[in-house]
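Before anything else, here is the set of structures, which you'll find just below.
Note that subunit A is present in both complexes that follow, paired respectively with subunit B and with subunit C.
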Partner chain A sequence: MATALLTAAGYAGGTTPLAHPAFGMRDPALARSDYIENCGGCHGVTGSTAPALVPELRGRVGWFLCTPETRDYLLRLPNVAHSRVRDDAQLAELMNYVVYVIGQPNIPVKAQPFTAEDVARARPRALSSVNLTRERARNVAIAMKRCGAPASLRDFYDGQTAR
Partner chain B sequence: MKIFDTDAIGEKWLRKLAGHTSRRSMVSRLGLALVAAPAFPLLPVSRAEAAKPDRSPEAKTAFARNAQSSDDTECNYWRYCAIDGALCSCCGGGIHSCPAGSEPSPVSWVGTCINPDNGKAYLIAYRDCCGKPTCNQCFCDNTDRQTQIYTPQLNNDIIWCFGTQSMQYHCSTAVLVGGAE
Partner chain C sequence: MKSFSIWQRGMVAALAVGVAAIGFPAQATDPHGLEPEESDIVTIETPKPDWFYVRAGWGIDGTAIYDGRSGKMIGIVNSSQLSDMAIDPAGRFYYVSESIWSKGNRGARQDMVTVYDSKTLKLLTEITIPDRILVDERKQNFILSDDGKWGYVYSFSPASAVNVVDLTKRKFVQAIELPGCAALIPNPGVGFSALCSDGTMATVAAPTGKAEITHSAPFFAASDDPIFENFAYDPAKNMAVFLTYTGLVYTAKMGAAPTISQPYSLQEAAGYAPATTKPLSVGWYPGSRQPTAYHAASGELFILMHMGEYWSHKAFGDEIWVLDVASRKVVRRIALKEPAAHIEVSQGADPLIFLNDEKSAGLILDAKTGEEKHRIEMAGAGVISAAPGL
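Presenting the complex of A and B:
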């Protein structure tokens, strides 16, 4: 399986900003705070609010880093592209917190962190007028085919269909 | 004739300087830079948005200026800066806990409130307790950081009873999640 066990666990507590950008975060504490404030209500402080019908991020969202298209999908999600975090670099760091910290350990090897330029390119192309469920299913299929993501990624959370 | 004419000395010095200084010299460039500097911003991009949020007393909302930290059954208790609903602490529960017979929703509305005791900002999750009829005690509607209803994910009027057995809203708790940057 093309995954890398990253030692990002330490950043989950994130209180000391790093001198160099690790996993695309110059300030992991701010990225974490921004995540909780803007995403954590629905997605959960640690990336899961199952059984609420919200896509679970913990251990899953990293799969979407695997192709240019699936990466782009994450940044074009309406609540990401239209986030009230208006600074592109700051939003890129928030999204790097999501994929590298909350998504661990399932992060494709060689995956590159999001940059401010990636965010700037995606924002005007927000997925505002498409069926998001269908768009998600399409991107999950890509991650499964190209990167070996598990079939359970089709569900919003592990064990959803068993309920 | 004056012996010490400052005006004449000044003029003589300036004329000498002008005569000996070319248009491209350091001195003229320095002068030009001094005059032109205010016309250009020092940074090419606006850094205001990238900066950390302003938590200074002047930037505080009306709620934050009047908040108290002693009574969690009052709407102006500091952690309630973005709460919308009945306070569980008035309904048989606590600021962190649901009253008996109701269950906490896994999803919540997150606000950032300032603790008047230390001036620091904290992340607060407003977790609704669901599965019982609405408790009609201590109804509050504080609106820090919320926007109009046409941005539904940024409005706290929505009942957040998703993922619970019943969508019936009972009351709201205010769980301290951690410090805000």
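Presenting the complex of A and C:
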């Protein structure tokens, strides 16, 4: 696992990504460029945005991988479910890039990559008539209780409350 | 440099007042031919149907008020860089929703709706709100209810939400989260609506209380053929008019469950083949920063058009197409000598068109004939609003 993670780390660092079926990315270069094009404007090209009021993805987003409900939360975010990436498999690869590459090293060991079917099921149930702040808090509580996520995940970035 | 002229004018006025105040005795003839000015305080009228409000442009404060009939500037509403202005339907106030920092470019962030008296342009009060979106000059980010009692300020901090403001009590009421939606549409008697990334229209009923959100069926493709956020609203018909990047026209009868029409093609309305999203297919497309203006009494939509292909929606307009929305016909085309970035039309019986470009060149045309009425140097390079139909 450790070597695999190191390989994945290379993608974020900018070296030529290698295909990695274990992380659900047949075309990691496309997954990364899709992320940069569709998400990077708000979340930063490396998933780091602190201290802006956008959740820091780097080293944190992987915590949500561990329960069906928190996984679903990621796919049902309006910016994800309504993404311009219309192909479900392609969006699943984008999201695998987000959790496995940007999210490391904090990735639950037994987590399964997202599939096109996961994306297809989540899309019609986008979180578009709810309070997203509350929905996030609820999912963070699950990740803390069930997956050992740190309390700092409640914030948008480590040390936010202290500021 | 040039675009600072609104301020420069302000400085000149202030200097003139200063000189008069120092107290040179009013001489009948000044050796230099100068006429002494008296310092006084004037009030202006409440908004008139021929008035336009022109933002100075990106990075420059101030919204200049012009009388379109005379082409003369009347005053400036103090609007900061990150702000949107809305006009009280009864004409008593100008409201500016804005974000400023205590030390200019740093310090404590402050978000508010600032209230100005429309006759004196003096600050009346500031209504503190939690946050708003940090962009400016987008009309659909700040709308008022038809009775002028409520203000809806779009926020994106951190997620899409709308701040509801009680303009009578001058108090913030609540923030309503509206994930995946933006661009606010008036919806009298119900609340407000907004366009969403899944191609639906969201309607928020009872926004000052329970705030119930419903969605229409998806009707447009937000990622393939988006709707310009500069859409129109017709108060008498309670109808919104939308235009997409390829020129599809939708109308929506507003209400608790808005009914949205089948679209038709603007290009077809002018006798051409409908435009498409296909690359390298060149034709007339709508575009610019503020591409549409709507004259409610005649039901005419004025659209800035250019020759281009799909995704050229930021190109400035070389022609104005006048679409009779109900009869689905382009009834007039007005060729422009210089490409225009923003268009607005006054709401009176003899409507006027106000155009400007990024160099602040303002142009006023007769909206029926296209005849040039006034050219205004340094008019402002930003978004234009018209006084509400009073």
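Points to keep in mind about this one:
We adopt the following convention: the second predicted complex is superposed on the first by the 147 of 163 C-alpha atoms of A that agree within 3 Å, B and C clash if a C-alpha of one lies under 4 Å from a C-alpha of the other, contacts with A are read in each partner's own complex, and residues count from 1 in each chain.
In the analysis below, a contact is a pair of C-beta atoms (placed from the backbone, for glycine too) under 8 Å apart; a residue touches a chain by one contact, two chains touch by 3 or more.
As the structure is a prediction and not an experimental result, all values here were calculated from the model.
Once chain A of one complex is fitted onto chain A of the other, the partner contacts of A:R86 extend to both subunit B and subunit C.
When the two complexes are overlaid on their common chain A, residue A:N131 makes contact with subunit C while staying clear of subunit B.
In the superposition on chain A, contact is made by A:T49 with subunit B only, not with subunit C.
By the touch criterion stated above, A:S152 is placed in contact with neither subunit B nor subunit C. Comparing subunit B with subunit C, the partner in contact with more residues of subunit A is B.
When the two structures are aligned on the shared chain, A:T115 is found in touch with neither subunit B nor subunit C. By the touch criterion defined above, A:D27 reaches subunit B but does not reach subunit C. When the two complexes are overlaid on their common chain A, residue A:Q160 makes contact with neither subunit B nor subunit C. Contacts of subunit A with subunit B, set against its contacts with subunit C after fitting on chain A, overlap at residues 53-54, 79, 84, 86.
Here subunit A touches subunit B in the complex through residues 27, 29-30, 32-34, 36-38, 40-42, 44-45, 49-54, 79, 84, 86-87, 89-90, going by the rule given at the top.
On the side of subunit C, the complex with subunit A involves touching residues 157-160, 177, 179-181, 196-198, 200, 202, 213-215, 222-223. Residues 53-55, 77-79, 81-84, 86, 126-133, 156 of subunit A are the ones that touch subunit C when the two sit in their complex.
Contacts from subunit B toward subunit A in the complex involve residues 49-50, 52, 105-110, 112, 123, 125, 153-154, 160, 162-163, 177-181.
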